[in-house]
Amino acid sequence: MSSIKIFSGTSHPELAKAIAKNLKMKLSEIVISRFACGEIYSRSLESVRGCDVFIIQTATHKVNEDLMELFIMIDALKRAFASKIHIVMPYYGYARQDRVTIPREPISAKLVADLIAAAGADHVITIALHSDQLQGFFNFPVDNLTARKLFVEYFNKKKIKNCTVVSPDAGGVKEAKRFANLIGVQLAVIYKSRPSHNVSEITTVVGDVEGRTCLLYDDMIDTAGSVCNAREALLKAGANKEIYLAATHPVFSDPAIQRLRKAKFKEIVVTDSIPIPKNKLLANMKILSVAHLLADVIEHVHKAKSVTEVL
Amino acid sequence: MSSIKIFSGTSHPELAKAIAKNLKMKLSEIVISRFACGEIYSRSLESVRGCDVFIIQTATHKVNEDLMELFIMIDALKRAFASKIHIVMPYYGYARQDRVTIPREPISAKLVADLIAAAGADHVITIALHSDQLQGFFNFPVDNLTARKLFVEYFNKKKIKNCTVVSPDAGGVKEAKRFANLIGVQLAVIYKSRPSHNVSEITTVVGDVEGRTCLLYDDMIDTAGSVCNAREALLKAGANKEIYLAATHPVFSDPAIQRLRKAKFKEIVVTDSIPIPKNKLLANMKILSVAHLLADVIEHVHKAKSVTEVL
Amino acid sequence: MSSIKIFSGTSHPELAKAIAKNLKMKLSEIVISRFACGEIYSRSLESVRGCDVFIIQTATHKVNEDLMELFIMIDALKRAFASKIHIVMPYYGYARQDRVTIPREPISAKLVADLIAAAGADHVITIALHSDQLQGFFNFPVDNLTARKLFVEYFNKKKIKNCTVVSPDAGGVKEAKRFANLIGVQLAVIYKSRPSHNVSEITTVVGDVEGRTCLLYDDMIDTAGSVCNAREALLKAGANKEIYLAATHPVFSDPAIQRLRKAKFKEIVVTDSIPIPKNKLLANMKILSVAHLLADVIEHVHKAKSVTEVL
Amino acid sequence: MSSIKIFSGTSHPELAKAIAKNLKMKLSEIVISRFACGEIYSRSLESVRGCDVFIIQTATHKVNEDLMELFIMIDALKRAFASKIHIVMPYYGYARQDRVTIPREPISAKLVADLIAAAGADHVITIALHSDQLQGFFNFPVDNLTARKLFVEYFNKKKIKNCTVVSPDAGGVKEAKRFANLIGVQLAVIYKSRPSHNVSEITTVVGDVEGRTCLLYDDMIDTAGSVCNAREALLKAGANKEIYLAATHPVFSDPAIQRLRKAKFKEIVVTDSIPIPKNKLLANMKILSVAHLLADVIEHVHKAKSVTEVL
Amino acid sequence: MSSIKIFSGTSHPELAKAIAKNLKMKLSEIVISRFACGEIYSRSLESVRGCDVFIIQTATHKVNEDLMELFIMIDALKRAFASKIHIVMPYYGYARQDRVTIPREPISAKLVADLIAAAGADHVITIALHSDQLQGFFNFPVDNLTARKLFVEYFNKKKIKNCTVVSPDAGGVKEAKRFANLIGVQLAVIYKSRPSHNVSEITTVVGDVEGRTCLLYDDMIDTAGSVCNAREALLKAGANKEIYLAATHPVFSDPAIQRLRKAKFKEIVVTDSIPIPKNKLLANMKILSVAHLLADVIEHVHKAKSVTEVL
Amino acid sequence: MSSIKIFSGTSHPELAKAIAKNLKMKLSEIVISRFACGEIYSRSLESVRGCDVFIIQTATHKVNEDLMELFIMIDALKRAFASKIHIVMPYYGYARQDRVTIPREPISAKLVADLIAAAGADHVITIALHSDQLQGFFNFPVDNLTARKLFVEYFNKKKIKNCTVVSPDAGGVKEAKRFANLIGVQLAVIYKSRPSHNVSEITTVVGDVEGRTCLLYDDMIDTAGSVCNAREALLKAGANKEIYLAATHPVFSDPAIQRLRKAKFKEIVVTDSIPIPKNKLLANMKILSVAHLLADVIEHVHKAKSVTEVL
């Protein structure tokens, strides 16, 4: 079996270190620097000839820098004769632009897939892709993991009484249903409708939430607008004041933190798929780490064992 | 401008003729035959050198034959030096297998896209793709049309009083909402939940349907199981007995017709994106033709004018 | 060395089992099903990550179904991270449409090669390709085996006296000559000519057949027209009544069986490269199995040993 | 319509000039030189931006130089923004190495196709490909012309009495038959067999040649061994002494000319698909020009008209 | 001829406007926005179906943003059925990382070429590529323009007496020589050598500069270190105090402006291939516009006329 | 680890043998022949299925033959299922045509890279590429070795007193500087300038050469014009009469040998990257072998160890 090397981009070094620790390995040494003119430079300090290489790079608020850095790392490692290059991208940037809704839009999620392939990667490992169809955007197979297991374990321990899982919109119903089933609770959905023309949109809560403890469950929190509106709707519908919020990807774009601070959720549970800067950490925030999950998958991939067992 | 030629596969010759008629053209002559050993043969009887060629071929119950026939037609026309080959596939087969839900599944929708491209096509025109993300499966741009306009025109004339558009499942909510808004009526959604483990699934109607005339709206009718269940649920929820059913693609796999016959919808409105054999025609069935829509798009594509105007 | 898995499509399960038995292996478990709408679904029940995968699928009378099923199996196994996918296709469908003889024909044999590659296969193993040039249609190397050895063994045991191998047309002369040399008998050829315009075609037997036992030798029997005509011509030329017929691929399209029944060959010797339905089995038919040959080649391929030794 | 430019490589300038003359055009000016170190250099002296470019280059005895020169011309014209690059290669080199007959052989004919495509050509026009299957070696369509019409016209005028067309081997039977039918004469075939092991090969003439005037017809004359042997066999079989020889491609490798000089054919009729050096011209040689045919095809291709009409 | 549309990215709108003005056209309307999460979105407000599209986007200090924005614009326009997409990138980012000098470096200049192609562009127009070999990094032809003509015109008008063109390093000698010849003055070169180990590098001026007015000429000014050192060396070598500095690309990375301010060149002449922010403008700076040059080339490209005439 | 096989083309069998000897291996047996018609044929006599194959082929004066032979060898070995095909091309032909200097030139160095890739190679190992940017011409990584170490060892032993390394033109300055530093001596450069229009070019020696022993150092000697001119210039500048000449690639095109014979260098030191025919060997010629270097690299590549250690 070829030897394995793990490299970290600059987007999320803590996660990379945690993954390496889980694997009882050290991160391989690589130079990543920026010239005064803004250009990125990267060079491995270790030979990778014939190695099975994993690059840990997630998408943050400087997603374009993250992606260009990733492409340059791939190019450098490919030209240094790495045998296979696996990209571990816990949060896949541009995932939401995955279709043309108004004519002449880009399909940026497909573009990013094409650019990753053009740079020379052989495989992508990611978590909770915004839509499952994104797997078909790649010409090579993709490991689309789910952090559901982490949330199930966490909330199973919590044993919240009288609990209802709530999907904040129609798009997330399927995944919310799977989650609700796994923790053995009821499901409700919030959706928006416009009864007739020229009437403003109405938010409706569907399912039994009155007097119950709600757990809003989504794939990501971006500006937190929809989850905060959902919280209002649940309260209006008679839900308990203690509302939980769980989501895989803490994108936390402005004004997410102001809104969340104001909303006073009982708890905000997210993963570390994206690093959260200190000034965005709230007291009621709980972060579940995906490091163990990713380390397991990396090991299974490297040893060509079924990844299905891990999930 | 290069000249235009339209060819029909054997899957839906009536639609092809109707499209040609709308364009005031004749279908180009092509031999499509099957040898005793089952192999397909195809040969254009007209020169296509330098022409802008459109092939009309939809997916029917013999979808694999339809696809192989399409690939062979593309190959023959490409080798005869056609300038551009456009595929007009009103119903795109295998569209529902668009993601890996259990490990080791194929993404057949992506496979079909790759095979169409490998055969040599340059462009695909289709209607109501099962998921919008399918556009990203092609390396060339795709015109994903909608038949919504046809349904809007039809039901605007009907002027059904007291009407509610109903999406039979969570996945179709967005499209149903757009349709309901266009005909200026309310929206309801039917969804299935399992309140806790080991409890059978419950169908819930969300939105106001009591005493109202419901119009079930979906992208396709396959075995008609879900729409017939939906009908039952609506009646239980107090809806008017006169329930309408509208869907773009009349797949009508067994036992769809038995179920629909039994269900006694007020009207079943579909398009001719797939041919309906005579023995599957019901008295309460209304077929809206996509021929005019497709003819318009073909003309705009050929003249390199914006297709957006047509929609 | 990576581990090996063998999968069978639905076209020829008996052959697949026989191959596996020869290799002292079990066929890997895979779901292959058809939806009511005609679409095929396939999913391996075993992990194939990193495995050397062989798919056994031949072309039968439902060649288009066989091919689409093959493409979907390839897609599913590729996305499940199989290391290499080898296609074992004893009879390669569409092989005869390998050139443009009249303008605007397809080259379907090339198209099938392109589609197999687009689906994601890495290697094809086949028997007695209709023309050797077909190897050049693939961008990856192809193992084009011959069943000649099986026929040589069989007829060497028979020790037919006074025997002449006869090629039923000019195209098969080279192969018939190789075969005749290996069993140490004479060669004759049948060919058709038209002495001058407006004169009907004449079938001529070239070589000494008078009073001799003829053995017609071809690559396939499709509708059996040419071999039955050849038999008539041999009898007219004074050949013994006991005429043998040997051919690799028993395509047996209608009306092959009626013709063969009427023709009363001494023996019809074919291989099991294509399954023969019970109602097409004749008393004078002898079937030589290619299972041992294919098993040997699979083993050599998997162990990266020279396949030449096997042949 | 984009404008047309015709360039000549150094392999056959006379033919290129004749083609241009037929088209009432001038050859475009291009530098083709060789450095002292053996490297080739090429540069068009005219702008080709947006032009429809045809390069005339055949394969001669310095086939490797001809091919490398062709690749470099293609590269230079492609980088100069030619719109389409058509290769007119009357004799396609390496055509005979079109399959693997002994394991580990190259398929050079496919390799040459791949190299032409890699250099950047869009289309190939050639004459009498050694096997029709070669068309499938290209990923773009190929115009495979035939010079049959030229021979038919020539021999129709000759009105040879009592004539039989003879194919010098089994491989050429089909084409010889087509030709014989077109000039309305009989067909005979020469083939070689080995009646049993350890017996030397016997050349047999099949068909009626006794007392008749034979016209040997083949696709090419390489070392002239087989046609001279065929001549001997025909004489032995009682043919008239006046034997004609007709073949499309005058490859004339040593010792072809010595053999042909000795053989004293009545007439040797070839085309100018390959230039014949003065010292290889014989008194009984007749050269039919393919210039008019190629000019017609070029014109039809450029104007996107059916090439079928020309043939 | 297809119609032409010109789009501007956000990197250099002034230049785009100037180009459009030169062409007597308006820039086409396009939305380019950034979400709170950092992702870029772009959508043309005009139909581009069948159009010949030019995108003006240069590389600035936020080169990674510029490139990702470019890729997304290309994707959006390609999916909107643009006929051809031409990239006008006056300053090509990452051009200096064009080779592996220490093992395991990337070749970022090649990577950027591959990414541009993967996004879907058909053609690149750029100015003064850092090395001419970069043209070979693209699989499509590249128009590598030079701004030399602008500098020649400018300095020919200046009529500097007693002038010597100076190349600040060995790599730029060839281009400096061409420039010096065109304005009819002498050439000098500055280069660095290390006479023996452990001795610090020595800057040497080669050529006659004593008492002469020097004109330092380079392809770009990045941090201005080498040109300021060059200035020192020229003064030491006895050059006139009035030293001119001319360079195509004003990259001006920190601390370029401090250095240039201190250095007190007689004049700093650059082009507007990169926008210069107001706070970096110096009193002795002269900016020559490439807008006219680029407009001319765009027109010639669109009309498929020789670009050579423009240069 | 897969087994290794080394094949030699016909361009430089002595070097291939020396490499094999260094590796304690035998060259694998392969047929390479030429037909009377000029076509090349090649076939390995050993199985290569699954092997790591290295082909030794350099560029000589018959560079086009060398390249076509290489392509055909690659094709044959690829079709025989070689696992990886590495090309060891000590002197890479067409390297100097690496950019478009006058419009409409080819980039032959890129073309050769594309052709090697199209033939099916996976990796190229070469020495002293004319420009480093050539690495970016390949879509796979390239090992561009340097023979500098050989020259350093040789001249370090010589201990020439009072020595100055001289680059014969501006292009070679960087490499000459590295070499001079490694042997710890001074550097000088010769360059040509034209002080003003209509004045003939002047050759100038820059750096201290008076009374010193000069060592001209270049990447190749083609026609030897520039090095002989350089020698004259050095003598004029007062250099010692004993001038050394060192260059990696002995291309030696006419009239190189006449010039070198006349020039009477103290010593001409080259490598055996290209074979030197006996009639071109001069008494003052010293040939350093690259066999050991290449053998080391082959071993490291095969064992997937860092090649950097070798250099």
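Labels A, B, C, D, E and F are assigned to the chains in the order they are written; within every chain, residues are numbered from 1.
The criterion applied here is as follows: a residue touches a chain if its C-beta (ideal position, glycine included) is under 8 Å from a C-beta of that chain, and two chains touch if they have at least 3 such contacts.
Every value quoted in this text rests on a predicted model; they were computed, and no experiment measured them.
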{"item": "Common touching chains of subunit E and subunit B", "value": "A, D"}
{"item": "A-B or A-E, whichever has more C-beta pairs in contact", "value": "A-E"}
{"item": "From subunit D, the most remote chain by mean C-alpha position", "value": "A"}
{"item": "Distance from subunit F to subunit C - Cα centre to Cα centre, in angstrom", "value": "51"}
{"item": "Whole-Å separation of chain centres (CA-atom averages), subunit C against subunit D", "value": "33"}
{"item": "CA centroid of subunit D to CA centroid of subunit F, Å", "value": "39"}
{"item": "Multi-partner residues of subunit E (each touching 2 or more other chains)", "value": "47, 79-80, 100, 103-104, 107, 110, 135, 306-308"}
{"item": "Chain-level touch network, classified as line, ring, star, complete or other", "value": "other"}
{"item": "Touch relationships between chains, expressed as pairs", "value": "A-B, A-C, A-E, A-F, B-C, B-D, B-E, C-D, C-F, D-E, D-F, E-F"}
{"item": "Subunit C-facing residues of subunit B, complex", "value": "35-45, 47-48, 60-65, 67-69, 71-73, 75-77, 79-80, 93-94, 96-97, 100, 102-108, 110-111, 114-115, 117-119, 222-223, 251, 253-254"}
{"item": "Residues on subunit C engaged by subunit A in the complex (per definition of touch)", "value": "2, 47, 49-51, 78-81, 83"}
{"item": "Contact footprint of subunit E on subunit F as seen in their complex", "value": "98-101, 103-104, 107, 109-110, 131-137, 144, 170-171, 173-174, 177, 180-181, 184-187, 189, 191, 193-197, 204, 206-207, 306-308, 311"}
{"item": "Of subunit C, residues touching subunit F in the complex", "value": "135, 141, 300-301, 304-308"}
